[in-house]
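You will see chain A twice below: alongside chain B first, and alongside chain C after that.
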Partner chain A sequence: MSHATNTQTFADEVKAIPGGEHLELCYSCGTCVSKCMIQQKLEPDYNPRRLLRMVMMDMRQEAFTSPTTWMCSECDLCYSACPQEIHISQVIAAVKQLAVEAGYQSPLTPVEVNEDLCSGCGICVMVCPYEAPSLFEKEVNGEMDRLSQVDTNKCMGCGICVAACPLGAISREGVSNQEITDQLPIQSTQPPKLVTFICDWSLRESADIDILESYPADLVKVIHIPCTGRIDPQHAMMALDSGAEAVLVCGCKSGECHFKRGNYVATCKMNLLDTMLSQFNFPNKHIRFVQIGTQERGRIRHEIDAMLAEIGVLEVTQ
Partner chain B sequence: MTVKSKPKLAFYWAASCGGCEISVIELGMHLVDVSEAADIVFWPAAMDFKYNDVRAMAENEIDYCFFNGAIRNSENEEIAHLLREKSKNLVAFGSCSYLGGIPGLANMYDIESLCQRIYETSPSLDDSRGTRPQTTTTMPEGEIKIPELYDHVKLLAEVVDVDYFMPGCPPVVDQIWKVFQAVLDGNLPPKGAVIGADTKTVCDVCPREKGTPGFRIKEFKRPHEVDLDPNKCFLTQGVICAGPVTRAGCGIPCLKGNMPCRGCYGPAEGIVDQGTKLASVIGALIDTDNPEELQNILDTIVDPAGTFYRFGLAHSIMSKMKYD
Partner chain C sequence: MVDAARHPRIDVRTYTEVEKVEGFVGNFNVTLREKAKYVLADRCNGCGDCAQACPIEVPNYFEMNLAPRKAVYVPMSQSVPLIYTIDLDACIHCYKCVDACGPLEAIDFSQEDKVVEEEIGAIVVATGFSHFDPSVMEEYGYGVYPNVITSMEMERLNNSAGPTAGNLIRPSDHTNPQKLAFINCVGSRDKRYVQSCSNFCCMYSIKNAVLLKQMNPDVDITIYYIDIRTPSKGYEEFYDRAREMGIHFIQGRPSLITEDEQTHNLFVHSEDIALGRVIEREYDMIMLNQAAIPQPDQGHMSSVLNVAQSPGGWFMEYHPKLRPMDSPTDGIFFAGACQGPKDIPSSVAQGSAASSRASRILHSEKWEIEPTVAVVWPDRCSATTRGKACGICAKVCPYGAINIFDPETPAEVVTAKCHGCGACVAECPEDAITQLHFTDAQILAQMRAVLADEPEKKILAFRCHWCSYGGADLAGTSHFEYTANERGLRVMCSARMDTDFIYEAYRLGAGAVLYSGCHPQDCHYITGQLIGAKRANRLKKIFDRMEMTKGRFRVEWVSAAEGDKYARVLNEMQEVLDNIPPEELKAEIEKLKPQMSKRLRKFPGVPGVQEAMDYSDTLVDAIIHQKETA
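Up next, the complex of A and B:
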């Protein structure tokens, strides 16, 4: 379907898509930009205010190639801040829809399905916050097999499906099961005391990264994940099994997940793990999930130190 | 031309319910085929053999020993060692032997509280003396000895080397027959393999309608609490199904009976820890931004450890670490 007619401007086309209709309410104050984590952390050229301007000024090609069109993950931190109450992510989604229809493709690295491993269980379909995966039928060795496929323009690379996929059939470069387990101190003669899985979005500024890097490798091993929705309780147990004494999972505060629901998913998974370990009367259960808010710069040090104190390798100074 | 000697087979049960034995018996007429093509040299549940018959055998005299049941006491372990010594191939037969099975759920509790329950506080008990079994009891006629109960349930592979693992509670008849045929034809995969099962998960062969995008569980129900739609994925009906993480090969009798997969075929290929992986699946299906509501939803899961690790608790990382 096409929204384009000769008389329609780019802005008309965007407004015709549900969610795009609030476009013209924008008076370019830029509050959205100041709230946006992408602009601060990933891509200085990311700018919702400017994208909305581009649409209104009929700058079609510029809008379709703008990183803003593709990188918005609908976290909606800007929505609550916008004085005009524009649901900006929906306007951006409308632009993205037109870009996809015009043949543009997402520059992000999407997840991929290994069909040899896929069971067609449909778990990825259910858990994805962006409706990127779907099931389809395909003939394999003369029989119809149900498999998963991914709409690469919808995938934001959060890794929630990767953690939920039972067989590691769905994966993305950098967050595959193999790449996570390779970072665990399996067979290490001197395992770190603490393994920290950290969602990079929960680190608020470069100073937080410096804090993480200030710990010696034999004390704290940091494993970066795109979102705590990627955490697999299996990996937490494997970290303990390989000799670490504690596991800390750091994610974003409730309502601040970059990928809409990753931190809720992580809360559920870590909660279930905690319950099972308690039922099991597991000795020295040092597994914790913490959620760091956008305003809590530097909290990561307190959380790591608290964990190290709990296992007795750091004296509590406070 | 040399006459090929018949392979020698042995069957044994350790800490098990007897279901694995029944499943072998259910081979029916195929059992006659097996007994014609092979010599059964030890099978306490079905034939009259004694431990001393095994002790008298030469090393590696048995070609294939199918060992069902977990290792719960010193007798189980002693016979595991004996059969290992006398067998060329030792097969952990059934979920108890391979994964700990239902007996492995006991690893959640310490042995003292288990014994207290069984011998002192169980409502069906009528014995105020608090009698506990002792390994040695002196009677007028002499000393009586019984095996020592271990503090936790061990897998067969924890006490001896195991060549093959065959899952199932019990292994289904079709798969047993396939494995026996492979044994008789000398056609088994390399050692260490899981036999008599597939590699992918139960979902791969489950014909039920799968979940749609954005499906979320708001309340978990137990199978008896719901009028279950026989055509829909159990998870989409709020009922926990271990199918996503469980190895296929059973022929899905439970699903056909409109009951969810309980996980008896153990973790599918590539899954390290069945229970935590299932938690990783189930956790991702819950959705709410309200922490209180989230806790309420999670509270509707009755006994997470026992449900997610129903047959594999003794095989779990947590059990391994606790009892290492």
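Up next, the complex of A and C:
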């Protein structure tokens, strides 16, 4: 007396992939959706809870074309918040794997490698949190050469590799070196006092963004970057060189990076920069790296004010 | 409560701890520690002059630590009996209370704890529940943001006898909050903290919201929930009323609360599931509905009373549906949330049931028990044969029903305490204990009868009375098809499934044996299944060493609701047998027979077994003869 059939449902396929097992424990409480910042910041249709539901209801095509499948950057904020301990990013990764197998492609803009500049050093392979770049052999002018290539379905566009590439061979629309340096006040007659590089994910609430925008542009210049991992210490030096008195780099709290380990990469870089400047006896070392947690509403104001006070211009704001 | 205290036949003992419970139904011997109050109960009139004079203030537990109390105090103004107590941990021995008490001379610092023994007929346990500490959930900021409080704290703030005389104020600036939110399921339904639903919080938050809305219709109240559970009579109507009053309900478990550092207003981040959108809303004050958890000393209490705990830590009832107020130990009953989180109507119902159960004992001359109790043959006990009792029976008994007073006296079963699981019977290495109606001889006779004819084709299934027997029954009534070669044998508990029975089954040539019982948390005899499981695992290893084909001996825990599982297991076992060529199976059975016989060499010596064997042999002969003539 068995009603079992041999057809495998979409849910069965997802559950068969490691990480997808606990899918059906979801009771749709919505914690993951509100813990994640993608819906508020990027895509109103982004909703992990609904993706899990689509899998359970056998809605294969909808799941494969859902922005949730492609935009999850596996930061795992939702995993630590989920009361059912479902590893949601792994379930989404399982759906994504099936989507790629079915021939779907990521709608995100990936980074591009300029093969004329690439030396095949492999640093991008080491820094990428998503294992998107890999090295391959190619014949160039009759000689075998090693070059980097990027899996466009894995690239989340964080720009960590763009910053890491020693030859500037990698770029992505919106976060290329040129686009960031263009925003710096080079050759400006009235440079701002403070240049702030801000990771778009470190400020959760719109109230905090409002604080950032409340400073006059000739006092604080805000440069948005997708992740502090995108920061190149040269950008900070260039900002000082162009006349700004201080640089503030603002990223997410450790463990809360939207791109898994971008803030870790940034911490290493900023510490190295700090050590280097100390060794040079650099006179005005007003460069600071701060990490703001999701619950620290309003902290950005204190950090900017502290920086302005340090260079003696706080009274201007009051 | 006052009525109870005044009743001539009710003796209220407050500030008293139960230290030891011995004996059995109708004859408990309970040791109580009456803690020193340092105030003489017969002199104190509860006037409170001492508390007024006392200069020491400590947090008041009853007021959720929102208000102070003195070092000499009553827990609350309605305390029964109204006798003050001195908290010596806080007292500085200034003796101002002694002066204040004056001619009553009720204060006596020389008082000491008194240990008394009482003879008790029946015990009702009503120790209640405790609250989950929400400060471990950092995302809600309890203990960090002043305006995030628990609903219990809100109740005190809103109570006319509470610290603010019923004026609900928010802690940060003492203003009246206008925008309030309740958050349900804080810590409950959460695998990281408390897995279960706390049962009453939905109604509790609706009640509080309605109460606040009635007092001030202008306040804006929101309840965040995962699911609203209103399963009892009139509850759904109450939920409807709350919505009609304008209380907002948002389905979506908040993931984060942030605070504005200037105003101390709070921002709740959640998904509105109806909209599928993330929303951020501002509130003046937030109340958390924490999960209900067992009392911190519930484990200690369970060992004092010798009653088991369910997986969540609550006291375990005799039967979850049919006897929720009875403990597995006769004469001990549960009332209220100590057995599991429940609301007031359910607690009242269970309390009434428990007290009527208890009074049934108090009004009985005799107490009837199940007849399937264990009995010791004193002449076979190692205390008699070797002069030293091994004590295994006393160790395995889940009820502590076996007494071994000294090593030279045979074990003694306290019949009133015995529930008839049969653990001691199966474990006794001397076969010195038997269980009435489930004697070795009786079970053996059944085994020989079912294995009389073509035993190598048969699957002998040992089922426990409460679970796997029910599972097999359900498989039958649900028409789940399973192999017709199964032969079921019922015992009360998997703890009774003696190794001798399994060896004997294989010696008789059985094709396969199933060892089945309850899941560990379902065991009807507290820890009987654990004893059975341990033995079954030992048997598995033994049979592996004997190189028996895998699958011929199988151990499965099947609940009474798992008819499908029972059928599946049997079918899988049949498949194992089908996959062994008949000659190979016969050869294996013959090969193992001497080893089984060796392990069974003491078995025929058990009283009744030889007779049962002889008798059943004549039956078996008759069966085979009948078959041949047919």
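Basically, the second predicted complex is superposed on the first by the 308 of 318 C-alpha atoms of A that agree within 3 Å, B and C clash if a C-alpha of one lies under 4 Å from a C-alpha of the other, contacts with A are read in each partner's own complex, and residues count from 1 in each chain.
Everything below uses one rule, namely that a contact is a pair of C-beta atoms (placed from the backbone, for glycine too) under 8 Å apart; a residue touches a chain by one contact, two chains touch by 3 or more.
Being a predicted model, the structure only gives us computed values, none of them experimental.
Undergrad: Label the relationship between chain B and chain C on chain A in the superposed model as either fit or clash.
TA: On the shared chain A, the partners fit.
Undergrad: At the CA centre of chain A, how far apart in angle are the CA centres of chain B and chain C, to the nearest 10 degrees?
TA: 130
Undergrad: After lining up the shared chain so the two structures overlap, which partner does A:Thr294 touch, if you call chain B first and chain C second: first, second, both or neither?
TA: second
Undergrad: Would you check which partner chain A:Gly30 touches, where first means chain B only, second means chain C only, and both and neither mean what they say?
TA: In the superposition, A:Gly30 contacts chain C only.
Undergrad: Can A:Arg49 be said to touch chain B (first), chain C (second), both, or neither?
TA: second
Undergrad: Figure out whether A:Val222 sits in contact with chain B (first) or chain C (second), or with both, or with neither.
TA: After superposing on A, A:Val222 lies clear of both chain B and chain C.
Undergrad: Who touches more of chain A, chain B or chain C?
TA: B
Undergrad: Could you tell me if A:Val195 is touching chain B, chain C, both of them or neither one (first, second, both, neither)?
TA: In the superposition, A:Val195 touches no partner, neither chain B nor chain C.
Undergrad: Touch test for A:Pro83: chain B only (first), chain C only (second), both, or neither?
TA: The second partner, chain C, only.
Undergrad: For A:Thr275, is the partner it touches chain B (first), chain C (second), both, or none of the two (neither)?
TA: first
Undergrad: Regarding the shared-chain residue A:Arg261, is it in contact with chain B (first), chain C (second), both, or neither?
TA: In the superposition, A:Arg261 touches chain B alone.
Undergrad: What's the minimum Cα gap, in whole angstrom, linking chain B and chain C in the superposed view?
TA: Least C-alpha distance after superposition: 19 Å.
Undergrad: Considering only the contact definition stated at the top, list the common interface residues of chain A for chain B and chain C.
TA: None.
Undergrad: For chain C, which residues are in contact with chain A within the complex?
TA: Those residues of chain C that touch chain A are 138-139, 141, 185, 189-192, 226-227, 251-261, 267, 269-273, 276-280, 479-481.
Undergrad: Can you tell me which positions in chain B touch chain A when the two form their complex?
TA: 107-110, 200-201, 203-204, 210-216, 233, 235-236, 243-245, 268-273, 275-277, 279-289, 291, 294-295, 298, 301, 303-306, 308-309, 313, 316-322
Undergrad: Within their complex, state which residues of chain A touch chain C.
TA: Answer in residue numbers: 1, 27-35, 39-40, 44, 47, 49-50, 81, 83-85, 204-207, 294-298.
Undergrad: Touching residues of chain A toward chain B in the complex: what are they?
TA: Residues 117, 119-123, 125-128, 131, 134-135, 146, 160, 163-164, 166-168, 177, 229, 231-234, 236-238, 240-241, 254-255, 261, 264-273, 275-277, 279-283.
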